[in-house]
Each structure stands twice: as C-alpha cells, then as structure tokens.
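You will see chain A twice below: alongside chain B first, and alongside chain C after that.
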Partner chain A sequence: MINLQDIRDTARDMLAKGEVRAVIGYRRGSRGMLAEPAFITDPAQADELVWDPTCFHNLSLYLVEDRKFLAHLRKTANAPIAIVAKGCDARSIVVLMQEHYFKREDVYIIGVSCEGSGVVDERKLAPRLNGIQATNAAFDGDDFVFTTAEGEKRIPACEVMADRCLECRNPFPKEHNLAFGEDKTGRKLAEPFAALTRFEAQGAGQRWDSWSRHFDRCIRCFACRSVCPMCYCDECVVDSITFPVTAETTADEKANRIKWIERSATRSENITYLMTRAMHLAGRCTDCGECERACPVNVPIRMLNNKMEREAREKFGFEPGASIGGPSLVATFLDTDPGDFIR
Partner chain B sequence: MTKKRTGVFVCHCGTNIAATVDVAKVAKEMAGEDTVAFTQEYVYMCSEPGQESVVQAIKDNKLDSVVVTCCSPNLHEKTFRDNAKRAGINNFTCEIANIREQCSWVHNDKAKGTEKAIKISRSVVRRVNRNQPLDSIAVNVTRRAMVIGGGIAGIQAALDIANAGVEVVLVEKQATLGGRMLQLSETFPTLDCSQCVLSPKMVEVNRHPNIKLHTYSDVQELAGSVGNFRVKINKRPTFVDPDKCKICDHCTVVCPVVVPNEYELNLTARRAIYIPYAQAIPASFTLDEEACLGLNPIVCGKCKDVCEPDAINYDMRPETVTEDVGAIVVATGFDLYDQANMPELGGGQIEDVLDGLQFERLCSASGATKGHVLRPSDHTEPKNVVFIQCVGSRDPAKHCAYCSKICCMYTAKHAQLYKHHVPDGRAYVFYIDIRSGGKGYEEFVQRTMEDDDTLYLRGRVSKLYRHNGKVRVMGTDTLTGQNVEIDADMVVLALAMVPSKGTAEIAKTLKVGRDNDGFMAEAHPKLKPVESVTGGIFLAGAAQAPKDIPETVAQAGAAAAKVIALLSQTTLNRPPLIAKVRRSHCTGCGMCVEACPFIAIRLEGGKAVVNEALCEGCGSCSATCLRAAIDVKNVTQLQIHEMIEACLA
Partner chain C sequence: MSEQQPYEPRIVAFLCKWCSSAGSDLAGVSRIQYPANATPITIPCTGAVSPMYILSAFNKGADGVLVSGCHIGDCHYIEGNYLARRKMHLTMELLKFIGVEQNRFRMSWVSAAEGAKFAQVVTDFVNDLRPLGPQDKLKKAVRT
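After this line comes the complex of A and B, so read on.
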C-alpha cells in the first residue's frame, strides 16, 4: 500500500530544495470526493496532494501544456517538472519523449502503482452511491472504500472500475524516477481487448448500426482531442479553421491548406474526424481512456484506439510507450513485416 | 494567384487509346475545366508533327502549363517536358496523364473507358493547376565507380570501366577473385579451360592502376544517390599480410585443424589456414577465424611459428573502409538450389549424387582428383553416369518456376567431358526438352548425342536411392512411355540457379529491388536490362537472372558502358521533386527522420530539415507526418487531395 504521506514528503522536499519547479499531482476536488489535477509550486501546498481511486486524469497532458506555455513565453525551463503518473500515464510520457516533445531530464516521474486495482469510472459509480454524497475514496485490497454521510460504503473494485483498468496489462509505471507501491503486473481482471472482442463478435451489419448511432451522436466538441496528451499538434489536420498563421506562414501555405472536413457535425464528417484521430494515434495511444471519459455523449472512442492497438500488437508485436529509444510504429519498416493485408 | 492557362493534348496512340477511349470526348470535357485554355487531339502526339503542334500551341495560346494524356510517364514524360522547355515554359509544369497503360489497355468497354480517361485527365489538370515552376538541382559527380562481386561479371565490368580511365573499387566477399567461373573445368561450347581464360583477367585486375581491390569484404551501408554514393565496407581480417606472404605453404602443413573445402564444394578438406587455389588473387593465405583454434599463441600458434616472413598477425581486426563513388555495378552472382529441398532425390544425403559444380571440380585438372573422374564413395571410375536436368527448375508448384537456362548446355558438356575421361562409360541424360539457343550451342548438343554417344531420355526422375553400392535411378521415358530403372555409379543433378546467399541483404542495403524469384530486378525488362530500379546502380551477371558466361560478359560490358556514360558528366541534374518542410507545422517529432529510406532528413533546432542532394522525393516522410508538415514539391498533399476529389466527382 502507498503511504500518501511519502508522496507529500517527496514533493515538499523536492520543491523546497528547488530540484523541481512544480509538482503535477492530484488533490481533492470541488466535486465531493473526486480528485482534480493539482499544480503545486509552494512546498507548503504539498499536503494537498492525494492518491486514491478517483485519480483518473492522465496528467501528462499538462506536461504538453507546460511546454506550449513556455514556448509561448519564449522561455526555457530552469528545472524539471515532477509528475505523479500511473502505468498508462507513464507510457504516455514515454511516447512524448520518443517524439522529442521533451527530454527525459525535463521530467521527474513519481510513479504510483494502481495497487493491482485501478481507478473508478464515474458513470459506474454514480448509481451505486445512489445520490449519497461521498467525501473520500480509498484502495483496500480488492475493494474501494468510500466515506459517505451514511457511513463507510465498500464496493468490489472490479464493479465500479474503468473498463480500461479491467483490461490493463501494466498497472505499474515502468519508466520512473521514483515509484511508490508494489509492481502488481500480471493481475488479471479481464482479458486485454475484452470489450473489443465482444463487440467484434457481432455481424458487420450490427457493428455498422451501432457505430452509425455513435457517429450520429458525436457533437464534435473536441473534448477527446483536448484531453488527449497525444493530440498536441498546433494545427490539427482535420481542423483548418485553427490553422496557425505565424510570421513564418507564407501566402503559399495559406493557399495550400486542405479542408479535410466540413464544420457541421454530420455523420460523414464525424466519421472522418474520429477515424483520422484513431489513425493518428496508432502506435501512440497508451489506452489511458481519457477521451472516452471526457466524451459528453458517451461515444466509445477507446474502442477505435483499442482496435489500432491490437492490430499493431498482433501484426507487428508493437507496444506503445514501451521504451524511450524504441522505434515508432508507422515510421518503421522491416522485411519481416507481414504483407498479407496488401492485396 | 492568377488563373492558370493549361493546354490539354490528347493522344490517340493510333488505336491503342482511341479504340477504347472516345478521345474527342476527353478533349471536349477537358475544355470545360476552369483552368484549361486550349485542347487538342492528335493521332500520335509523340510524333515529330505532334510535338511541333504542342510547342506551337503553347506559344500561340500563351499557355503556362501542359497536360499530355497519353502513355505512361515512364516513356514520354521527358519528351514533352523538353517540348515545354523548348516552347519557353518551365518543364515541371508539364505532366502526363496515363490513359493507356492505366486505362485503354486494361479495359474493353468504351463508354466506361472514356469515363475513366476523363477522370484521370481531370485529376492531372487539377494537379497541374498547383504545380510550381521548378529548376533541376545540379550536383557534382564523383568520378569513381564501385563493382560489387569479383566473379567474371564483376571482373569484366571493373576492367572495362578502369580501361576508360575511371577509378574502380572492386569488392569481393571471398578471399580471392574468380567467383563461380573459377570452379568450372571447361566451358561450353568450345571446351576451353575456364581457369585459363579467366586468370589473365584476374591478373590484369590485380595489376591495373585504376582498380582498387577489397577482398574478404562486405558492403555494409550505402548513403547518397546517383553520382554521389558513400559506401561503407567491412574488411574482415585474413590474419595474413598479403605483402609479406610468400605462399610457401609451411603454415598449412602444421595447421592441426581440418575443415571441408568450400572451393572444392566440400569434396576435399582444407586447413584452418588456407589458400583457395594456386593462382588466387590476392596471392596470400587466409586464416579462417571460425575454424582456427583461437588466434592465440598459447592455444596453438603453430602457423605463426613456422612463418618465415612473419606474415601472420593474430591481432588483425575488422576494418571499416569508406569509399565515395558515383556509380555501382552489382555482380553478386548465383548459388545452386539447395539439394535439401529435394528429398525424393536424396536431399544431398546419398553418396555419389553430386551437383553440377561438384562434377566440374571432379573434371578439373586442378580439382580434388587431379582431373580423373572418380566417384567420391570408393574412388573408382564410374561406368554408368546419369545426368538429370531441370532439378528444381521449371517447377512452379514446388521449386523454382523459371528455367535456369544454362543446365541443358552444361549437362551436355558434362556428358562430353565424362565420355572423354571414361571412353567406355555410359552417360544417360534425363531432360524435359533441350534449350540450346546460342551460337554453336545446338551443334554442341548434337555432338554430345551423336559423337559421344550419350543416351538422352525424355522424362523426369521420380526417385533416387542407394542400392547394392550403386544409386538406383527410377525414371520414365515419356517418348516410349516406359519406366526406366538404372543402377548408376554416379548421378549428377543440374540444380537450378538461385541468387547467391546474401543477395537479399545486399539488395536491401543498396535499396535495389528484387523480382519474385529473388534475383536483382532490372528497371525495364526490355529497354533497361542492366539498370536497377535505383539510379546509378547497374546489374551484371547471374545476380540479375540465370545466364551463361558470354551473356554475363556482354551484360558486364553494357553495365560498364552505362557507368562510363554516367561518370563522363561533371554534374548531374536531379529532379527537383523533393520534400519540403513547413517549419510552422513541424513539431520535431522525428518520425520522418525514421521513415526516410535515404537518410535525407535530420532534426535541427527541433525542426526537420531535408538534405536536397539526398532526397529522392519518395514521399515516405509526407505519408508518415501526422501534421502535414512535410510535402513533396509538385506532389503536395493538397494536390493529391484535389486529384482524389476529381476522380471521385
């Protein structure tokens, strides 16, 4: 079990010594027990940090934001930034480093083990709490324990856990500077890609029907893109409206922008957007599940990314975010690559 | 941007296009395009009057861009781009729409063919609308050549290039020059001694002031492109200084390690320190690192002790040599198909079943038996010898689909040589049919049949097995319809020719394509038979396809002529259709750097930078970039996008 005080002490210590310029972690949020991202720069605030089953955010997004902010200010970092990272988050950080977004020495990874469990899915938890206000959540073996006005409520973790945590294979951050908790890799709650396999067992007609409903529902609010640490491009290829015009932008470039999709949120445009996004995440998505969590209309976005991830694993033996120096999926060609899908 | 004035020129190509495509309709449709200012159709656009009309139309109608809808750009792109230049406009604003190979030739339905031709033409008109005028990139040419492979093909190519006054680097994998030809006894159709005709050329290579020789070496890495290649060569250590070695043979006498001799096709053995054969070039012994007890004076060191000129040096290490050359000839030769693939013929496990090269060594005066045909099992003279042709060749179901071309001839030669050595012996040849096209070839085969009394049996052999100290051959004679059983003293298999071991690796290193059978692919089967698909890399000999010595020598000469022509220029014009980075979009993720097969992109200050001299414009970077930050000039993503739109409309 992780002793929360250890994380707080580490953060306070590093900030006090000036070893890091900030600690990105979790603190108790304004919505009852649910945690929210915290950006701690003052050692005195370190005690605000929490670690519990409601810490579902992938904080590596803020490393990207930090980078963009520094670039905007035309400043360089004077010290690394520390970040609390779960297994999936740490893999995101590795992908970002693979893509030269920042260097290893720019980040201090405080790894946290998911305690052989995972984080909650709000949508699964809400009906179980049945409107009762909870103030605290904690890991306890195979259960989550919630403190409510009506006393302690104990729920088996796998009943309210996020789907991706059920299917998670690496609930421990391999890449870290300092790690808390035990590496409980190997625990098995559900088969990897279980939901995808179940879905694919249906006929093509049924699959198309359900995806048609999902695509129709999408309002293209771009919450999935905003919350994704991999969607860091200044200009998104599907979004020529936000084409950045800088001093370097030539008239030729302005003329030569491609309008990939129409602005209206119709099925065909939504398909183009979501499919393009899935393709652009192939070999990069580490299944942190933030896109699906952020979606206000419950589009199962994760399944698209899962499909790409499984293809990459089965065809090319590729694991996203496995190592910093490793090859990238789409830029690597080997003679041994399967070619049976080329007809 | 002012509106383009594009001219569209629709070619009938006789009836090649006009039979399946309504050319008048294509021209009429194109005239309706916003940017098209002029259209014309003509029966042969590539004819002199056709070309003149294009030039005239450009001048008369003040056209600034041209689309010619005709055959493949591989054929006439240059013709029409030159015309555009002649008419005073930039040649890179001229594009070809291929409505022959990609349309009329592959369709029958005229209505649908016309519809497709219109879509193809329209997509190219839209592409040309965004073409930029570009200038060719001039690069200096390195006036040196490299030849990879020191067999007859490589030797001939190297000599021809060197005699033209161009410096040549010859790289050979083995310890000596000579290759396969050196292992042959006598050559068809004149039966002259193979070594005797080859060794003068080897001596000439060794002495030639323009030839630099790297033996026992492998090509490791290739960078650059036509005119300017940089090749890294790994020179393996021979542990013997060729300048000091006097070939006194004292070392082999004391060497305690005995291993099979690959030069003699394992018919004999050699020591760990050895010289492949007496006339080896360079004339020096080689210490086989893998066979040697350990390159350590404490373990053995006997050879070093007896070496009077102190030529042996255990401390030699592999050495990497970098050579800059402008052109490369690949002459990596062939191997024989592995007998292990033929379990019905013993899979290489039956004694006295030999392959063609082993039989060559048995007949060779310098071979294991000093030119006496003796069978390996008991060293007696074989009185019945069965030769089997097409072993592994012409068998698309199980083995190689192609004809290995030389086996008919060398089997006839083997039968003759055998009869000359053993006049009272009996020679049988199993064949499918005899392919003896070539000067003096048919007469040679007839002599084998008539003068040397060889029994030709038309049919295949189904099985070989050891029986009473002989090899039982179960075959069939399809002319009489009878099964044939022969108890042979020796059987010789004319195995298929396959690309030499390592061809796949070297093709990958050089980025040269291979065909379905694994041979190096020529750029065009008829018009570019010695060019590889990569500019500046040429092919010679059996690396490209099975062929005999005269053909190999002719191809090597042709490759040499191409190299000399290429290197006679001081600068080369490279097409400017290369990648260009939009710095404002680039995030410096480095995926294009990984994807580039030509090592032409590097990261500089967090942005991708393209080396113009190395970029081949393949577009791998553009396809990989998630941010559309890198494009190939005149084939931009926007252009491709608009072309697709035009096709789908």
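After this line comes the complex of A and C, so read on.
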C-alpha cells in the first residue's frame, strides 16, 4: 500500500530545495472521481497530489511536451523535472531515453508501484454503478472503493480494472530514482495477450469483418496520437498539416506535398493510418493503453500494438523499454530471425 | 469496356538495385517467358523499404506486393537485408492480422545471377494471386 503522504512530502522537499524545477503528478480533476495531470512548481501545492485508481494518464507525454517547449524557447533546463510514474510509464520513459530524446539526469522518476492492482476502466465501471457518478476512488487491498451520492461501493479490482492492467506483468517501475510500493514484478492477474489470442483464433475472413468495422468507425481525431508519448515527431507522416511551413514555402509546394495518406476519414485511409501507427510503435509501445482509452469510438488500437509486441517478443526475443542502453527493435537483427517466409 | 477484360493481378515489385533488379534484367535478356504483371520499382536496398511503401502500394490499388533483395550475407550494405527481414516480417504479420490474404505480400531473395528464379517467383506469385481476385480491402475508394 502506498502512503500518499510520502509522495507529497517527497515532491514538497524536492521543490523547496530546488532539486527539481517541477513535479508532474496527478491531482483531483474537475470531473467526478477522475484524476488529472498536475504540474507543480510551488512546494505549497504539493498537497494537491493524489494517487488513486483513476491515475491512468501516462505522464511521460508531458516530459516530451516539456522538451519540445524548451526547444522552442531555445532554452536548456536548469534542473531536472520530477515525474510520478507507474510501471508502464517508467518503461515509456526508458524508451524515450533509449532514443536519446532526453538524458537520464534530466528526469527524476518517482516510481509508484501498482502492486496487485491497476487503474480503473471507466467503460467497465459505468454499468456497475448504475450510471451514478462516483466522486472519489481509492485503492483498498484487492478492491477499489468508490464514493457515490448513495454511499460507498466496494468492487473487486479485477472486475473493473483496465485490460492492460490485468495483463500487466511488470507493475513496478524498474527504472526509478525513488520508488513507493511493493515490487510485484511477475504477477499474473490474467493471461497476457488474452484478448489478442482470442481474436487471432478466428479465421482471416472474420478478422477482416471486425477490423473493417473498426476502421470504418475511426474519425481520425488523432486522439491516439496526441495521447501517446512515443508519437513525438514534429512532422507526422499521416498528417500533412504538421509539415513545416516557412515564409519561403510556396502555395504550389504546399499543395503538392507527398500525401502518403489522405486526411479524409475513409476506411482505406484509416487502415493506412492505424497500421502505420502500429508499425511506428513496434518495439517502442510499452502498452500503457492510453490510445485505446482516449479513443472516442472504441477502436481496439491496443490490439494492433499488442500484436506487434507479441511478435517482437516471440520471434525476436525483444522486450520494449527493458534498459536504457538496450537495442531498438527495427535497427537491430539476429542471425536467428525467422526467414522461412522468404522465397 | 474494362469489365470485359479478364482480371490480371497487378504486382508492385520493390527490387534491390544490386541484385533482384539485375536478376530481372537477366530474366529479360535470357528471353525467359514470365507474366508481365509486375511493375518493378528499383530501390537502393531492401533495408530501405519502409512498411509505408507496402501499405501505400496496397492503398493505391496493388493486388500484390513483392519485395526482393540479396541473399542473406550478400547485402551490398552488409546488413540491409537482415534489417529488411525483420521489418517485413512485422509488416506481413500485421497485414495477416487484420485479415489481408497471406498471398498478397511476398518477399524473396533473388541474386543478380538468378534470372530464372526471378521469373519463377513472379510466375508463382501471379498464379497465387489470380484466385484471390482484385484487392479491395486497402484500396482507396475512388469517388465517381
């Protein structure tokens, strides 16, 4: 069990001593029970920090934003930034450091272990509360306790936990400066890749039937891209409006830029977008599941990433976010890589 | 008019400049007969083939995509084809996963001396593609 006061005290001390310039954590949001990302620079605000089952955001996204912001200002950081990171978030940070996006000393990782539990899935929770809004959520052993207008409701964590957390084996942030909570690496609440295995057991025709429906539904809001800490490219291949435009860029040039993918939300373009995204995340995605949570039309994006992750693990023995100095998936190879599909 | 023509699969073939491209040349100068369904695109190395090329080819209406390069150990850039092997494996698995027929994507190693093999690879590919019919899953819908 993590003592919230420990997190707050650490944040306050570090800010007061000037060891870090900010603490990225979670605080109570304005919508019901949900936590929201908090950016704390004043030691007095440290008591706003919370840690509960609604802390699902992958905060490493804001390290990327911070880095971009500093680059834009042409400034260098004078102190590291502290971040509250769960197991999956810490792996994302490792991948970012692996890709030299920032250095280890630029970030102070306050690790929080999810221990035997994880974050709540709102879509699973809604029917359990009969549509009543909860105002607070808390960890309690193997249960989640929700406070609603009709009193407290205790639900076993496994029943309303996000799928990614059920399948997670590494709830403890391996890379950390300071860690709270018990190290329960190797726990097994559910079989990893369970949904993927079930889906793959179907024939190609059935798989296409369901995927074509999912692809039809995508509205190309790019929420999955915005919420992903790995999607940090300034120019995105799927979206020509992110290409830099300078004073010298002619209208002709803007009109005739290579468009790999059209911006219209049609099936063929959505497929190309989502597949390209899955390819770009192969070996980098740490399965924080934020893309799927952020998706307004419930496209099972996580399944595509899971597929790549499992393929990398089983065929190439590759584990994303394992170590800072480790190899990247598509820039390395082994002599034993499968090649029997090649004629 | 076009409806009356029999279906001919269209293949986009990404051929490595150092081997398969020369291999296809050899097939030609050796007067080996093979189907003319493949549109060759010469690339500097199979390692330079981005998965985007393949998705894009399907998106623009290819019925099949062939990636062909040097045999393992023969890469002009030492390790390009090793990297390609990994990338193409992932791409193929992803295509299969969403339900695209396995035979729509193919990879082969064809050296500059293997004109006959190149002809064989294309012939086999066309024969495998013919029963599948036109590829309309990833193809961009053209508004009329």
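Heads up, the rule we're going with is that the second predicted complex is superposed on the first by the 328 of 343 C-alpha atoms of A that agree within 3 Å, B and C clash if a C-alpha of one lies under 4 Å from a C-alpha of the other, contacts with A are read in each partner's own complex, and residues count from 1 in each chain.
By definition in this document, a contact is a pair of C-beta atoms (placed from the backbone, for glycine too) under 8 Å apart; a residue touches a chain by one contact, two chains touch by 3 or more.
Given the structure is predicted, the values throughout are model-derived calculations rather than measurements.
By the touch criterion stated above, A:331 is placed in contact with chain B and with chain C alike.
In the superposed model, A:237 lies in contact with both chain B and chain C. Of the two partner chains placed by superposition, A:50 touches none, neither chain B nor chain C.
Look at A:267: by the touch rule set out above, it reaches chain C but stays clear of chain B.
When the two structures are aligned on the shared chain, A:97 is found in touch with neither chain B nor chain C.
Of the two partner chains placed by superposition, only chain C is touched by A:307; chain B is not. Which of chain B and chain C touches more residues of chain A: that partner is C. Contact with chain C, but none with chain B, is seen for A:208 once the two complexes are overlaid on the shared chain. Taken together, the two complexes place residues 237, 330-331, 333 of chain A in contact with chain B and also with chain C. Listed in rising order, the residues of chain B touching chain A in the complex are 1, 130, 504, 508, 582-585, 587-595, 597, 603, 606, 624, 626-628, 636-638, 641. Of all residues in chain A, only 99-101, 232-235, 237, 244, 246, 248-249, 253, 255-258, 280, 327-328, 330-333, 335 touch chain B in the complex they form. Of all the residues in chain A, the ones that touch chain C in their complex are 200, 204-209, 211-212, 237, 260-262, 266-269, 271-272, 275-276, 278-279, 282, 304, 307-308, 311-312, 315-316, 329-331, 333, 337-339, 341-343. The touching residues of chain C, counted against chain A in their complex, run 51-52, 55-56, 59, 72, 79, 82-83, 85-87, 89-102, 106-109, 121, 124, 137-141.
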